[in-house]
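I have a structure I would like to understand better, so I am pasting it below and will then ask my questions one at a time.
Going in written order, the chains are labelled A, B, C and D, and every chain counts its residues from 1.
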């Protein structure tokens, strides 16, 4: 499904990613793990097309999509959320999800201008599907609330709803549980691990070990832009390099 | 119901606008004369001179009778801020809303868009604007120029000044607009007449109107070692800076300012001694008539500042107009225009006045009045010459 | 028309002097944009107020030169604080409203200026009259004074912004206001100070340029149009960029005029502006 | 209910004029022209972009039609569309470059463009130089030149109504809705990640905005029967910004309300020169500081709810990118 082959990213002198290799199979739930500044978000941006890599290739469903723009990748079925929970703050939750659905509706500008019955019917369908998207995440009751005014937990769910609206094949979730309370995080992860997994392959960025171990099939650990572990989450706590990376090397 | 509030307010505004009521009437009937001039912004001095010239003329005329009815002059001012689209709006309001059929309009640059309206409505336009044929021509029978035109000034004075100063090399520095481009052609034709006597036109530069730094334009000009720099109709502020910066660059010849109305005190404030040797056409060093001095004193008393240069020509034209209207006893602008064009007027503040331009423009609509010239010496105008200003 | 070296030297000298004047005028605008990210449309009008202040103090009230400077300094400082407090602060972050609000302020000051100004061109007598001639190149003394003041102000600004604690605080809120606030920077006080300094720079520029160019209430518009040109070319918020761009435009205009004539030189400056915008949208040294 | 009252206003605009005096028609023409300019500018201001140089595109349209009419005797009806098309082409070419910029950089780049356009028209005799182009003919209908105020008023009214209906409809299409997603750098990145080609949407919006400016600029020039570099100046660009801001960014009706009130107000204060801009500016500041949503937010007309009667919320819509 997704293959990262020798991805390197350099910002001037800073080497954010160094020769990263890993693959994600269809239907897997993979966690991208690492301390802050390890290059997790940078790698995300490279995969999602927001950031061209300095070297290396991103292969998606067998096709080399390196350097393609994010809206092209979105059309190919890659969806993502942002670390800062970016939303269309001035609009309602329903409208936020509607933006996600844009990909499916043909622009048909002329029909839109004339507001033909078919066009209006298509709009109503889109609205129904958007409402469905909210229901799927259990936040349909917030449909007319202004996104910026929603509590963080609901906003997080909304960002996932927006991303899901593009009906992706690969969903990249950037710290979906960050800033959530204990049970909100659990509810989010249950949702990801159960319903969402059935619809698409998921890669999440997470540095909370408890979540990684609890729900993910596999963990890829990054430190200083390099992969230092790629395997079952249970093995994480036993791998010396991972412990050093997280707890810092114990000075004598 | 709240939904209707917006639509209602839009409707209300438009309807109020559409049905603006005409203004009320006085004891005698008002004879409205429009001052369609800039009264704010950089050219405000010109505009206020016209407005006040009309007001003084209205005072002196008092009540006059036309076809058995008593009238009193009512001066209505429209601020054009010297912009073309604002002038169109002003003439529309004057002619169609306020019923004004006579007026003084300042500015060669603002005339092109309003001449069609003047032709359609027969509005009698006293153009206080230089340039030449573009305004006064047979297609605009009701447009008169009440100041000397560029061709008239250059024909009267270019050769005369060159000979008097023994100048051989003449340069031109004018504003980068219609006035500048038009007057450059006028001066070149005059200088060509003196080719035989070794007088040549050496350089031509234009500056952005309202510019403050003339260094760039002057550098090239002064390199040609001119004896005279004609600064066309540059206003007081500009000519003062041109003189100052030219002296700084080593030029010590004369300047000739043709069509503008210059204030001696302002120039010497800004340029100091550098302002000397500016020759200004249409400026009277010594008052030509008793009326001229009287008007200057009345202006000082009434408005507490020196009279702007546009006062006298406006006053003279307004008095002449009302005399003609009383004589032909009608307000029909076509009839008044024909009568005016063939009449002469002895008591113009500048001296005896008539209309010319039949040969040059095809119609007698160019005022012919004595044209003075004055030269600036340590902050005061000194007489340089006076010509009759005859112009076929 | 043959162009001999003397004329080029004269053109260059005038160009540099005029360029420093352009920098002096644009300095306040760059500072306020750099720190507060506000394009202060009223900058030209503060420049005009500085010139009018110099006129009324020196000519009408006959104050000595030092007192005039003090009056202009204090008045523009206060005006800057008041405008920042009443208008800019309440619109913090709303970029669109800020720009249009500063257009409003500029219109108010300009129309009050025209209404109060009367119809006579006015002028501030210059302290240094006459011309210094160096190797045949004639340099007007009052321009040299204004240029010297320009250089001093630029130097002072560098010291303020790069050598003082307040300057550090200013650059902090320029970089990232929230983080700066979290690190204990009183952003509101620093913003007010930056705005005040911007106003002072504009007013002083007006006071020292007034004797050279005479004054009327419309001079603000010319100043803002030229300053826009310079910060586009130099790079928004970069003081060095402004200095470079000011000199470039000054020299380009006067040397260009010597070679091609004033009209074409005036057009040339705009062509440079467009080229810079396309090649480096944020200007020579600005950050997009 | 709203449709009914709208029809009433349009009916008034069609029926009343024959009874109004020519000057009042002049005012109505100026108001209608400015309303379309403001509404066209609103298309990009709603998207978080502010232009200091829209007068440049208006001038392009005006000059195109004037030149076609005076030099090639092309009928003004064609000239109007040519004016719009030329402005649109320049918008498309320049948009590709400048729309990558955000915030003040974009505004200044359009300002630079307008100054260059003006300088070119002033410099070359072919474009009429500083004197401009005079004797621009009015369009003819059934053989008669539409020279009277009443006749040309209906030309302006038709073009204005067509433009306003198009722009209104555009706002409710998916395209119009998507523009709201491009308001800041962050939301643009999010929109891109959802498959929206932000650059194409922004360029198209800019082209539409400039097309209507060019179109109405051409109509305006044929009304004045004259154009020069001093007609469409920097002041027009700032005035349009003021109309839209005073009216309010939150709804389609904002710019219309702002333009009608301020232009109407401007006409009454007519003889007052600088007093007029003083009043404009004071009204502007009061509205911006006291009523962020503009006058339109007073009317509470825009309800919340589904996509149909919906517009962006009135308050922080303009919290654009630094």
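The rule is short, and it goes like this: a residue touches a chain if its C-beta (ideal position, glycine included) is under 8 Å from a C-beta of that chain, and two chains touch if they have at least 3 such contacts.
Given the structure is predicted, the values throughout are model-derived calculations rather than measurements.
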item: Intersection of contact partners for chain B and chain D; value: C
item: Chain nearest the overall C-alpha centroid of the shown protein atoms; value: D
item: Remotest chain, chain C as reference, centres from CA atoms; value: A
item: Pair exhibiting more inter-chain C-beta contacts, B-C or C-D; value: C-D
item: Distance between chain centroids, defined by C-alpha means - chain B, chain C (Å); value: 36
item: Cα-centroid distance, chain C relative to chain D, in whole angstrom; value: 32
item: Separation of chain A from chain C, taking each centre as the mean of its C-alpha atoms, in whole Å; value: 48
item: Chain centre separation in whole Å, for chain B relative to chain A (CA means); value: 73
item: In chain B, residues with contacts to at least two other chains; value: 40-41, 176
item: Touching two or more other chains - residues of chain C; value: 114-115, 263, 266
item: Of all residues in chain D, the ones touching two or more other chains; value: 273-274, 316
item: Pairwise touch network: line, ring, star, complete, or other; value: other
item: Each pair of chains that touches, named by its two labels; value: A-D, B-C, B-D, C-D
item: Touch list for chain D against partner chain B, complex; value: 1-2, 5-6, 8-9, 12-13, 16-17, 19-24, 26-28, 30-31, 122, 129-132, 134-135, 147, 149, 224-226, 228, 230-231, 233, 253, 256-257, 260-261, 264, 267, 270-274, 296, 299-301
item: Residues of chain D that touch chain A when the two form their complex; value: 166, 169-170, 172-175, 177-178, 180-181, 183, 186-187, 189-198, 304-307, 310, 312-313, 316-317
item: Chain C-touching residues of chain B, taken from the complex the two chains share; value: 40-42, 44-45, 48, 176, 203, 205-208, 210-213, 215-217, 219-220, 223-224, 236-237, 240-241, 245, 248-250, 263, 266, 269-270, 272, 305, 308
item: Parts of chain A lying in touch with chain D, wherever the complex brings them together; value: 48, 50, 69-71, 74-75, 79-80, 82, 84, 86-92, 94-95, 98-100, 102-103, 105, 107, 109, 112-115, 123, 127, 144, 146, 162-163, 165-166
item: Parts of chain B lying in touch with chain D, wherever the complex brings them together; value: 2-11, 13-20, 38-41, 77-79, 81, 83-85, 88-90, 92-93, 95-97, 109, 112-113, 115-116, 120, 176-178, 180-182
